[in-house]
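Input: structures, listed below.
Here come two complexes built around chain A, the first alongside chain B, the second alongside chain C.
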Partner chain A sequence: MTSRPQLIFLLVMFALLAVLPFVGSRYFVELAVQVMIFSLFALSLNVLAGHVGAVSFGHAAFFAIGGYACAFFLTRWGWPLPLAMAGAVVVSAAASFIIGILCVRLNAIYFSMLTLAFSMLVWAIAIKWKPVTGGDDGFVGITMPQALTDPTNFFWFTYAVFAASAAALWVLSASAMGRAFVAVRENAVRASFLGIDTKRMRLIAFVIAGAFAGLAGCLLAMYVRGMYPTTAFWTQSGQVIIMVLLGGVHSFVGPILGATTLYLLETTTHQYTEYWPIVMGLILMVIVLVLPDGLVGLIKRLRPQRRA
Partner chain B sequence: MNSLSLGMNLFIIAAGLTLIFGVLRIVNFAHGAFYMIGAYVAFSILQLTGETNVGFALGVVGAALVMGVVAFFVERGLLARLYDKDHMLQLLFTFALVLIIKDIVKMIWGSGQFSISTPPALSGAVNLGISYYPTYMLFLLVTGPVIAIALWYAMERTRWGRVVRAARLDREMLSALGTDVKLVYSAVFVIGSMLAAIGGALAAPRSAVDPGMDALIIIDCFVIVVIGGLGSLAGSFVGALILGFLTIFGSFYLQEWVIVASYVMMVVILLVRPWGLFGKSDEERH
Partner chain C sequence: MAILEVGNVSKRFGNFTAIKGVSLNVEAGATHAIIGPNGAGKTTLFNLVSGLTPPSEGEIRFRDRRLARMRPHDIVKVGMARSFQKVNIFPRKTAAENVQVALIANSGMNYNFFRSARRLFHDETMELLALVKCADDADRRAGELAHGRQKQLELAVALAADPKLLLLDEPTAGMSIAETKASIELIKDIVAKRGLTLLFTEHDMNVVFEIASTISVLHHGEIIASGLPHEVRENDDVKRIYLGKD
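Right, the complex of A and B next:
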C-alpha cells in the first residue's frame, strides 16, 4: 500500500497546500477545505475497502454520526472544541465497534447489505430523533469557537487535522498490522493459517475506518455549520466508494487523488450544467469497465511505456 | 387491506430484483430507477391517449416494453462484460446506472412532480360488506397474486423455468449441456426489469411521479428481498406482505418510528439468517 513515490507525492501535496492561503483567493481556500474533508473521509474508507478488502456500503453512517455528535457536544452541551471533537470520535468509534462486531461475520454481498442496512438505520434515526438531530431540517446553527469562524484559520485547522490523520494512517498502513490487513484481503484462509485472527483484523479496520470517518464528519459539520440526514443516506456512501475507486484501492494516496479529482470535477461541472450526477455515473462506469485499478493504476500503467 | 395492496405492489417490484439476483448474482441498485422509468413512461403514454381505461392498460404495457428494450441493451452492451469480475464492480456498475438514469429522467421530463389519476373503470369504491374500499387498491391487491402465480408457473412448470433454475444452480454445467447461458441471463435481466417498470406504472396512481421516487423504493425492495431470502420468489412474496403490514399497522403503534422498524428488521434478519426466511444458506445449496 505504501511506497516511496507515494510518500513524495504526499509531502509535495501538503507543501503545495500550505502555500495556498498565501497565493490563492478565498474561493480556492474554501475549495481546498472541502477537498481535504472528503479526502479524509475517502482515506478512512480505504482502511476497510483497500486494506482488508471489505467494501462497506454504509460508511456514510459514521461520517454522519461523527458530525452529529460534534454538533451536539459543541452546541447543546457547550463543550470546548478539542473535547467535543474527541467525544465525537469516541462516539463514532464506539458505534463502529458495535456495528462492526455484527458486520465482520458476513462476507461479500451480505457484508455490503448489512452495512447498508445499518446506515439506513442511522439515516432514519437522524430524521426521526428530532430533539437531538433536528430531524428533516437538520441540525442548524452550530456554536463555533470564535477563532475558527475566519476561513483562513479554518483552513489551517482542517489542514492540521487532515495532515495528522494522513500521517497516522500512513504509519498504520506501513506497520505490521497494515500488512496483516492486506494479507486478510489477499487470502483470508492463508492469513489465518499464519496465525492472523482475520475477524479481529477486520473488526479493528472497521473501527479505525469508522473513527476517522467520524473525524471527517466533525470537520464537515463545522464547515457547513450544520448537519443534515442526507449525510447518512446510501447515495453518500456510494459517492465515497466512487472516490476511493476512482483513485485506486490498492494504494495509499489513491483515495486522496480520487476525492480531489471527483470534487474538482463536480465544482467545474456545476458551472456549466446542473447534470452532475450523470457525469459522475459515466465516470464510475468507465472505472468499472476499463479502469478497475483507478487513476493510480493508470499512472502505473503509463509509466513503463514512457521509459521504453 | 391497505397493507395488503401496498405489500402486493411492492412484491411485483421486489420479485424482479430477486429474480435477477437469483440467476445473475447481481444486487441491482438500479432497480428503483427502473421502477421510476416505468412510472414516467406510463405517465407519458397517458398524456397521449388521455385518461381512459385503454390508455392505462397501454401505459402499463408500454412501460414494460420500453424498460425491456432499455434493459436488453444495458445487459448485452455493458453488464455482460462484468459477469466474471468482482461482485463489488457489478454493484458499482448498477450504482452508476442509478445516477445516469436519474439525470436522463430529469432531462426528458424535468424535475417537477406529476400524477396519474386512476383509470375510470377502477376509480370509485367497492362495497365489501363490512366497508367501502377503493377499487384501485383492490385491483393492486389482485395483480400481486396473479403475477406471483404466473411467475411460479413459469419457473416450476415450463421448460424455460427449468433452464432458469438450472442457471441459478450451476451456470458452467448448463452451458456445457448446450444451453445458451448468455441468452438466459439476458432474458432474466429483461424480465426482472420489466417487473420493476410494471410495478412503477401500477404504483403511479397511488403515489406521485417525481425524480426522487427511486431512492427509497430500492431500499424497501432490499428489505423485502433480504427478509425473504436473496433469490427466493416465495420469500419476496412473504417479505412484501410483512413490510406492507409493518408499514400500515406499525404506523398505528410506532407512529413515525415505523421507518426505523423496517431497517431494524432487515438488520436482524441479516444477523440471524443472512440467507433470509425462505432462502437456502450456501452450505445447504451444495
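Right, the complex of A and C next:
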C-alpha cells in the first residue's frame, strides 16, 4: 500500500497546502479545508475497503456520529475542544466496535448490505433523537473556541489534524499489521491457515476506520458549525466509496487524490449546472470500465515501467 | 504417542456421506500417507483435520486438544500447518511477501501497527525461500511462478508457521516427473531436518511408497486398511481397489 513515490507525493502535497494561506484567497483556503476533511474521511474508509478489502456501504454513519458527538460535547456539556474531539473519537470507535462485531462475520455483499442497514439506523436516530441531535433541523450553532472562528486559523487546525492522521495511517499501512490486513484481503482462507484471526483483523480495521471517520466528522461539524442527518445518509456513504474508487483502493494516496478530484469537480460543476449526479454517474462509469485501479493506477500506467 | 487422533468421524453433505466413521491415529514423527481413488474423501478428511469444515460426528484431537471449538487460526497456533491440493497462496504478492506475512502471523506481530514491515523477518524469509529452492524468485509475484514453484512456495509458507504437524494435500499434483522427484527429495529432507510429523495425500504410488512410514487407504469415505507400507501393499482389499476389480 505504501511506497516511496507516494511518500514524496504526500510531502509535496502538505508543503503546497502549507503555502496556500499565504497566497490563496479566502475562497481557496475554505475549499482546501473541505477537501482535507473529505480526504481524511476517504482515507479512513480505505483502511477497510483497501486494506482488508471489506467495502462498507455505511461508513458515513461514523462520520456523522463523530460530528454529532463533538457538537454535543462542545455545546451542551461545554467540554474543551481537545476533550470533545477525543470523546467524539471514542464514541465513534465504540459505535464501530459494536456495529463491527455484527458486520465482520459476513463477507462481500452481505457485509456491505449490513453496514448499509446500520448506517440507515444511525440516520433514523439522528432524525428522531431530537434532544441530542436536533432532529430534522440538525444540530445548529456549535460553541467553538474563539480562535477557530477565524478561517485561516481553522485551516491550520484542520491541516494539523489531517497531517497527523495521515501520518498515523501511513505508519499503520507500512506496519506488520498492515501486511496482515492485506493478507486477509488477498486470500482470507490462506491468511487464517497462517494463524491470522481474520475476523478479528477485520474488526480492528473496522474500528480504526470508524475512529478516523469520527475525527473527520468532528472537523466537518466545526467547519459548518452544525451537524445534519444527511451526513449519515447512504448517499454520503456512496460518495466516499466513489472517492476511494476514483483515487484507487490499493494505494495509500489514492483516497486523497479521489476525494480531492471528486470534491473539486462537484464544486465547479455546481457553478454551471444542477445536474451534478449525471457527472458523478459518468465518473463512476469511467472508473468501472477503464480505471479499475483509479487515478493512481492511471498514473502508474502512464509512467515508464521499471522492472525489478 | 499420537499427535493427531481422529475418532469415529463422519462428514455428510446433504444426503451424501463423504466420510464414514473414520478412526485414525497419526504418531508423532511419522510420515503418514492417506491414499485412495479419486473421490475417496481424502481432501474432505484433510479439511476436517485442519478445521476448515466441522465434522458431522466424531471427535478430532490434535496434541491432546479437541478441535471442535477451535477455528483454523487457533489450530495453526497449536502447531499444524497445511498446503492445499490447488495451490493456495497470495498470487499478487511477491514470493518474499508471501513468506514474510506468514512469519508475521506466526510471531503474533500481526497486531503490531507501529513496527515497519519493510525489513521485518528479511533473513528468516530468505532462509525459508532458500530451503524450498525459491530464493531466486523472492521478488517475483507468486502468481507468475511456474506451478511447481508455487507448490514449493506454499510449502515455505506452511513451514513459516513452525508446525509440529504438516499436512500436505497432493504435494506433487500437476508436477512433471522430474519436478515430482525433486519435490519429494525436498520434502523428505525438510521433514527429517525439522523432525516434523507429516500427513499427506498423494495419487502417485511411487511417491507414497518412497516416503511413507505409515499408509492408510481411504475408499468411499472409509478406512479399509492402515499399516506399514508392505502390509498395505499386500492387503487384498487394497489390491482389488487399485486393480479396478471393485
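Assume the second predicted complex is superposed on the first by the 304 of 308 C-alpha atoms of A that agree within 3 Å, B and C clash if a C-alpha of one lies under 4 Å from a C-alpha of the other, contacts with A are read in each partner's own complex, and residues count from 1 in each chain.
Methods note: contacts are C-beta pairs under 8 Å (C-beta built on N, C-alpha and C of every residue); 3 or more make two chains touch, one makes a residue touch a chain.
Values in this document were obtained by computation on a predicted structure and should not be read as measured data.
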Which superposed partner A:L284 touches (first chain B, second chain C, both, neither): first
Touched partner set for A:M201, first chain B, second chain C, both or neither: second
Touched partner set for A:E186, first chain B, second chain C, both or neither: second
Partner chain(s) touched by A:A18 [first = chain B, second = chain C, both, neither]: neither
Which of chain B and chain C A:K128 touches, first, second, both or neither: first
Partner chain in contact with A:V171 - chain B first, chain C second, else both or neither: second
When both partners are placed on the shared chain, which of chain B and chain C touches more of chain A: B
Touched partner set for A:V55, first chain B, second chain C, both or neither: first
Partner chain(s) touched by A:L264 [first = chain B, second = chain C, both, neither]: neither
Contacting residues of chain C [partner chain A, same complex]: 50, 52, 71-73, 76-77, 81-82, 88-93, 97, 100-102, 104-106, 109-118, 120, 139, 157-158, 160-161
Touching residues (chain side chain A, partner chain C) in the complex: 171-172, 174-180, 182-183, 186-187, 189-198, 201, 204, 308
Chain B partner contacts - residues on chain A that touch it in the complex: 55, 57, 102, 106, 108-110, 112-114, 116-118, 120-121, 124-125, 127-128, 233-235, 238, 241-242, 245, 275, 277-278, 280-282, 284-285, 287-289, 292
Residue numbers on chain B that touch chain A, as the complex places them: 25, 27, 29, 78, 81-82, 85-89, 91-93, 95-100, 102-104, 106-107, 215, 219, 222-223, 226, 230, 256-257, 259-260, 263-264, 266-267, 270-271, 274
